[in-house]
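Here chain A shows up in two complexes: once beside chain B, once beside chain C.
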Partner chain A sequence: MPKIAIPTALRRYANEQAAVTVEGTTIKEALASMTAQFPDLQKHLFDGEGKLRSFVNVYVNDEDIRYQQQDDTPISDNDDISIIPSIAGGSGAESRAADALPDLSKDEIARYARHLIMPEVGMEGQRKLKAASILLIGTGGLGSPLGLYLAAAGIGRLGLVDFDVVDKSNLQRQIIHGTKDVGRPKIQSAKDRIGDVNPHVQIDSYELALRSENALDIVKEYDVIIDGTDNFQTRYLANDASVLLGKPNVYGSIFRFDGQASVFHPAAGGPCYRCLYPEPPPPGLVPSCAEGGVLGILPGIIGVIQATEAVKLILGEGEPLIGRLLLFDALKMKFKELKLRKNPDCPLCGTNPTIKELIDYDQFCGITPPAPEVKTEAAADSWEITPTQLKARLDKGDKITIVDVREINEWHISNLEDYGSTLIPLGEFQARHSELNPDDEIVVHCKMGGRSAKAYGILKNAGFTKIQNLKGGILAWADEVDNSMAKY
Partner chain B sequence: MAVNVTKQHLDEIRQHGERTFPEECGGLLLGVLEGETRVIKETLPLENIRKDSRHNRVEISPLDYAKAEREAGKKGLGVWGYYHSHPNHPAIPSGFDLDHAPFIEWSYLIVSVRDGAAQEVRAWTVREDRSQFDEESLLIHEATPSSTKN
Partner chain C sequence: MKINVLFFGACREAISTHEYALALESPAKVVQAFDALCQTFPPLKNFGNSLLFAVNEEHSRQDDPIQDGDTLAIFPPVSGG
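Presenting the complex of A and B:
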């Protein structure tokens, strides 16, 4: 009867035999006879649909059955049948064979001429870029230079995720959008601009918020994920979805004059975002760019670093930022580099992961805390006051102390000085709250209500009882009460 | 899991990587399984059969593999792993390596070769769900008298 030679690595599933005796007159029958005797071999050799796994080759007397009659290749008792793995390796992140790459048109060759003459790119590299797909999460500060440069570089397919609308305050840094685009969905504005930069790029638009429910379906369609988000929920979500699907995640973040960038890629042996920051900061502790500001040029620098890393990953050239955190200080004009180590106890990419699917990221980041214990509706409401309610009380002549907890630069843009507002920035609040009288009625406010909620907590802990937070901050005041007030 | 090699094996892998630089090299690791440790007894340098992208791709002939299994069997050994070089790249597996790693039971050794000089060798295994590589302990033991005589 015919025998099938079993690779050393799989003999533990075949009773430690180097060759198993089978029955049958074709390869199909012989393999079926083998797995009937040794069912554990099934999942190592065949995929879920019962097809031989891509790395499994079957040879009959030194001939690959793929070049004979495949499954129907006839066998006789004297034939040597072998199961032989394909063994290949290589550096670089992409995983396509060169012969499957798309060709470049004459127009594309003219367009990418400066790439094509570089040894690190050349025709093969440019075809890799054309075959590649990149998901940009966010088309804001980082997403703008990313979208423009990646499109110009000839990435074949770009996915854009954003649900926001272009606001005048975006134009200081989000250079993919123009003055004429104010009020338009960012995704449409970005799509128009990218189409102009390079009509060869296919754009997939996702005008939605990336959520646990949709992230895996979107992320799985792309080779490289780029995190250009401005909030911790989406950052952890992008990280977790990328790690679960084995995709590289090119990370960047910006604040005022400081930026960071890295490449998280556990599938290539590197750490992930959770290895760097296992837990998000408490809400309100780390100010966002909307609260703290950002130098308009900074996302240009960090976004272009992210674009460079993405292109390197696709080309398989150079040394990626895997396991390294790049820190940039624009005031000192200095780059620093920190070595990032993979955390063996990381709940996501460590040796014994506990996170195996996406979670509720709002809850993880403390955005929707568990429902308060016993709190009546009135009590829950009373910690906040809307701008309209506050204005009505002030007009009645009620004596209310308004405390602005923003920074002095924000005060200069707009303030409630006409109503006797006092400025105590949040950073000084702990030290200076004694300037306030606990017997007064106090309303605290900031730009949008986040920082003043922290100030509210500080006063509450200090024994103040007559405090309220201005709901929606001074921006809500501008919307509800005073349309002439400048917004930022 | 761990993989156990001699300094001589590491030298052989490094030298193979330096000989083929700037192209990648590859070969098989023959040995025995002792408990949880793959004890390597011989390295088997093989030819890179790729015609293109040889600076960042390597492929082993299936017939060379079949022959290695037969020869190893005669000596009471088996094929327990695979090594290859990363010219001018770190000894960290790529996405391509993950897609092309056949067995979760194997050790995968990678040698980084920078500008023609072999650097670090690191050992990796594939996680059971094939989602990623984990680094494994690379134990270096002294050559046994029988193997130094060969």
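Presenting the complex of A and C:
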């Protein structure tokens, strides 16, 4: 007769047995035979309407019945049948048995009253949220609404990862931090604010940069991972660590007026970040928010979508964004959805994975210090010049053409017009570099040095030789040379 | 055959184009459409293997077919957070 393997979390309802012998010729009959023997399993596996709960996966010989004939999938005596809770291979909060969930105090019941009267949450759902742990990578634009709403919702334990300090330019969107927090570590500021929103939440602080060396140790402690980072290296790292540990990764990303969100969860049959974007773009090609700007409200919208998805995953309710990419255009005020496909050749979650451990993500994303390939005829023998060096040469009366490759809006905030600077935005640089004279000594700059490094490359390819990049951009100029200059 | 191409994010900015009608020999795959686009818009080449393609709002890969009247959307990755 067929046997059904019982996951550890449910064995207490099956007389501590690892496998139960059942009768029947289909999955439906086999499960009915199992719950007839162990009625306590019924409520853990099926909802009120007798349907399998969304987080319960049933496999016949390692094939998910959802992709076969569902309940009607035929079985024979030699088949291996297993019940596998979907999230994190069984460690997810939503798969915890009801009486293993923590109780709510009287104070918590009062606090969560609006959740408790909803059928989709109720007492059991709220206890699942309390039992759950979520890792927030980044406490910036996305991390702010995420931290606030997840804490308010009653998530039991929140891990926060960030190494940055609060800067005044963060306050336009990072609403977990306040004006009084400028200069403080973001982790501390976020922790204070979350503690005020909901003192019942346990906060684990990681004041560090997530790296290949520490990521697995941190990620493994959580049920759900949320990617609120601001760079490609950490996005690939968060994705890879989540996939390797079988955790769902709730993804969100923003730029100007555009946002994206999805849930990557190969362990539940969905694609991962690498299935969408096999390789990162060359450095500097896709501007960051610091370079390109972002509407301050946008991370609020996308972060709240991520928070909603995380809560749904924990409750085991609704349809998660697994296998769908939500695209938001705030200018058109339109949401659009792409159906995603798992890439069978994905090096991480495909059929023959080649990535089995974390890699060097700086190298993968091409973030290595650029080598000084070409020596210019300029006085300095480096491809870069510091603001202090540039100022000294200008003061000496050296004739240097300064080219600003930022956007016009940035020019209006601060510029080097007093030194004869010319504005040619990077996007127009290819078409307009002929306006420059190859015989002149040229220094290109942007905000921080990334975009002007691209402009440097364009000029080099066009045969210019006397070029240098302003190290650290106009922000470094403001720090080193002109403290009265506005920073952004 | 003709397909309609939509560009998003940094791609759109790199080539200053939102939408483009591309004429192609039939039958064609996504990769051929992209190669043809790179001829017209050379900066697209810089994006290498980092782009997400969608044909008629469905995630597609380079060797998927594309047909007359289809809409090809091209999304670069976004890193902001």
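Rule of thumb we're sticking to: the second predicted complex is superposed on the first by the 382 of 488 C-alpha atoms of A that agree within 3 Å, B and C clash if a C-alpha of one lies under 4 Å from a C-alpha of the other, contacts with A are read in each partner's own complex, and residues count from 1 in each chain.
Basically, a residue touches a chain if its C-beta (ideal position, glycine included) is under 8 Å from a C-beta of that chain, and two chains touch if they have at least 3 such contacts.
Treat the numbers as computed from the prediction; the structure is a model and nothing was measured.
Peer 1: Between chain B (first) and chain C (second), which, if any, makes contact with A:L436: first, second, both or neither?
Peer 2: Once the two structures are laid over each other on A, A:L436 reaches no partner at all.
Peer 1: Is A:G316 touching anything from chain B or chain C once the two structures are fitted on A? First, second, both or neither.
Peer 2: first
Peer 1: Using the touch definition from the top, say if A:D258 reaches chain B (first), chain C (second), both or neither.
Peer 2: second
Peer 1: If we overlay the two complexes on their shared chain A, which of chain B and chain C does A:L210 touch? Say first, second, both or neither.
Peer 2: neither
Peer 1: With the two structures laid over each other on chain A, which partner does A:E124 touch: chain B (first), chain C (second), both, or neither?
Peer 2: Touch partner of A:E124: chain B, not chain C.
Peer 1: Between chain B (first) and chain C (second), which, if any, makes contact with A:I402: first, second, both or neither?
Peer 2: neither
Peer 1: Could you look at A:I84 and tell me whether it touches chain B, chain C, both or neither (first, second, both, neither)?
Peer 2: first
Peer 1: For A:A267, is the partner it touches chain B (first), chain C (second), both, or none of the two (neither)?
Peer 2: In the superposition, A:A267 touches chain B alone.
Peer 1: Please write out, lowest number first, the residues of chain A touched by both chain B and chain C across the two complexes.
Peer 2: Common to the two interfaces on chain A: nothing.
Peer 1: Flag every residue of chain C that touches chain A in the complex, lowest number first.
Peer 2: My answer: residues 8-10, 13-14, 16, 43, 46-52, 54, 57-61, 73, 75-81.
Peer 1: What residues of chain A sit close enough to touch chain C in their complex?
Peer 2: Contact set of chain A toward chain C: 138, 140-143, 227-232, 235, 252-255, 258-260, 276-282, 285-289, 292, 294, 299, 325, 327, 336-341, 343, 427, 430.
Peer 1: Would you pull the chain B residues touching chain A in the complex into a rising list?
Peer 2: Listed in rising order, the residues are 24, 26, 28, 50, 52-53, 56-60, 62-63, 65-66, 69, 72-73, 78-80, 82, 84, 86-90, 92-103, 105-106, 108, 110, 124, 131-135.
Peer 1: Under the touch definition given earlier, write down the residues of chain A that touch chain B in their complex.
Peer 2: So the residues of chain A in touch with chain B come to 5, 7-12, 18, 44, 55-57, 59, 62, 64, 82, 84-95, 98-99, 124, 244, 246, 248, 266-270, 316, 319, 322, 349, 351.
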